[in-house]
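In what comes next, chain A is part of two complexes: it sits with chain B in the first one and with chain C in the second one.
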Partner chain A sequence: MTTPRVERPGLYYPKLPATWWLRRPNYVRFMIREVTSVFIAAFLVVLLCQIRQVGQGPEAYAAVMARLASPGWVLFHVVALAFAIYHSITWFNLTGVVQVVRIGDRQLPPALIAGGAFAAWGVVSLVILLFFLRG
Partner chain B sequence: MPDETITLEVTRYRPGHDREPRSQSFTVPYRKDWVVLDALNYIKDRIDGTLSYRWSCRMGVCGSCGMMVNGVPKLTCAAFLRDFQPGPVRVEPLANFPVVRDLVISLDDFMEKLLRVKPWIIRQTEKPVAEGEHRQTPAQLEVFKQFSMCINCMLCYAACPVYAMHPGFIGPAAAALAYRYNLDSRDEGYRFREPVLNDSVGVWECTFIGECSVVCPKGVDPAAAIQRSKVAGAQDWAKSMLMPWRGRS
Partner chain C sequence: MARTNEPLWWTLFSVGGVVAAFLVPVHIVIHGLAIPLGWIPVSHGRMLGLVANPLIKLYLFVLIALPLYHWAHRFRFILEDLGLHGFRTLLAVLCYGAAIVGTVATAVVLIGI
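On to the complex of A and B.
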């Protein structure tokens, strides 16, 4: 937070309305990206609860899993997954802008850096998927 | 079609008279090759000489004629009326800045921030003029050239909600120019700019909305400059933690 500016007499200081984020598509996309964090945080809280139940025995864990199978919780997880994917895609899209990689005098194109990040994400996701399918 | 017209809804504000700005409609001739600035000049010359606004070069170089056109920050010398047909075209002062009068905003805050980042080449020791210029290869120039195209038009500040909410924020153009000089092979002033970029109102205020880069008429991409300055600042901090005997670069 910054200290409020000192307003000089005679000048008109515009006020930012609460609906500022509806003015431009980029602002809306930004706000969606921010809101996704809430769902990801909520998902992590649920995951921590699950881990806690594992420590309390198979019955307690089974009871939690049964509760999570209800339509409301399934819907929550579908929304959380969609938001996590949206957040990840927007994040990886920015890597090419943020990270400059130079080879000699040449700078790697941003699309290549973002593409590398997407490829790494895909490989890691595949490894995790294979791990669980085998288990 | 010489009789064709287009309406401009122009913000008026008279200091000392008006409590807040109001909108005034003007109907001007429509010409295919006219820009919004031409329409404003027509109003000032033929309809209302009291209309106040800034402009100078009329060719996208001086950065004086930035205004909000239909809610988007634009250089009015590069905003063609034909792109806003049939109108009306809403012309307002640049957003997020205090308004002095009509379409004129106060530059004071931006000028102070610009000076704070020392946007000039700093040398630890100046060499005599007789020794010639500081030479640079085309590759060294290419590293910062994009960020040197800034014309200080402040459209990026008008597009930045972070600046609107926290006016202390150093802002896109000043941060981009600091980054430009930090990248310059002739410059040795990183240690002066680094504290400005990494303090509480520096680049870390930016939430990477990215609209500053969208509205930039020169393709400077200040959002990229800010994020890269964050990376440089974080690396610098990590190095100072791991190797405290070396100090900050």
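On to the complex of A and C.
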């Protein structure tokens, strides 16, 4: 998660090459996590285009479905899905750390909060999937 | 601008991150793979009925618009982290501006159906 930074004029920025994040696996994982947002946003733009075509009539809808069945678009959605799942996993893991839940004077362990978030994610996904499977 | 508005953008980033984490993967499976590849047949009539429903329009607005601010916030800092420190304000305006344009476009498409 990117922490908000206060604008400070004259703040010193060390000169780093643009490839600094390739130096350590940790940095690479950080960059992958940040880049997930690009794929998520790209999918949502494609989804909005799909919705627009639904409003244009059955032919337009059939055309956009045929185009999305092509290998390039299938590959895009498979990759986007992998990034989106990575975002969910990292986000829910952090939820347990960021969101402190107290019961009385005791604090729920972060793993339990993360576990609850993962369980809720599964239920929500299943409900949405069943909604479309219902026919 | 970046100074005074920071909490607003961070809140939108955070809420958008939650929406994306819970809802986006299953929607990629459904709309990116299952429906186009014919695993789940959904007729045009049913899809039109769904997107014409005001409650579902509201849901789709939340699903599409909020993660755009999540993207804007992260993408802004990706570019900064890659060395564009000198363009902080410009990057903020471009990224959050793109998210605002996306929000308006989403509203226009949904209202137009």
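Worth pointing out:
Definition applied: the second predicted complex is superposed on the first by the 121 of 135 C-alpha atoms of A that agree within 3 Å, B and C clash if a C-alpha of one lies under 4 Å from a C-alpha of the other, contacts with A are read in each partner's own complex, and residues count from 1 in each chain.
Everything that follows uses one rule, which is that a residue touches a chain if its C-beta (ideal position, glycine included) is under 8 Å from a C-beta of that chain, and two chains touch if they have at least 3 such contacts.
Quick caveat, the model's predicted, so the values are computed rather than measured.
Contacts of A:24 after superposition on the shared chain: chain B is touched, whereas chain C is not. Once the two complexes are laid over each other on the shared chain, residue contacts for A:48 go to chain C alone; chain B is not touched.
By the touch criterion defined above, A:87 reaches chain C but does not reach chain B. Residue contacts after overlaying the shared chain place A:61 against chain C, while chain B stays out of touching range.
Comparing chain C and chain B on the residues of chain A they touch gives the larger count to C. When the shared chain is aligned, chain B comes close enough to touch A:12, but chain C does not.
By the touch criterion defined above, A:100 reaches chain B but does not reach chain C.
Chain A residues in contact with chain B (one complex) as well as with chain C (other complex) are 1-2, 4, 7, 13, 16, 21, 34. Per the touch definition, chain B reaches chain A in the complex via residues 13, 15-16, 18, 20-21, 71-72, 95-100, 106, 109, 139, 142, 159, 161, 164-169, 200-201, 205, 207-211, 214, 221, 223-224, 227-228, 230-231.
Of all residues in chain C, those touching chain A in their complex are 2-3, 6-7, 9-10, 13-14, 17-18, 20-38, 40-42, 44-45, 47-48, 51, 60, 63-64, 67-68, 70-71, 73-75, 77-78, 81-83, 85, 88, 102, 105-106, 109-110, 112-113. Contacts from chain A toward chain B in the complex involve residues 1-5, 7-8, 10-14, 16, 20-21, 23-24, 26-27, 30, 34, 94, 97-100, 105. The part of chain A that touches chain C in the complex is made up of residues 1-2, 4, 6-7, 13, 16-18, 21, 31, 34-35, 37-38, 40-41, 43-48, 50-52, 54-55, 57-58, 61-62, 65-66, 68-69, 73-74, 76-78, 80-81, 84-85, 87-88, 91-92, 120-121, 124-125, 128-129, 132-133, 135.
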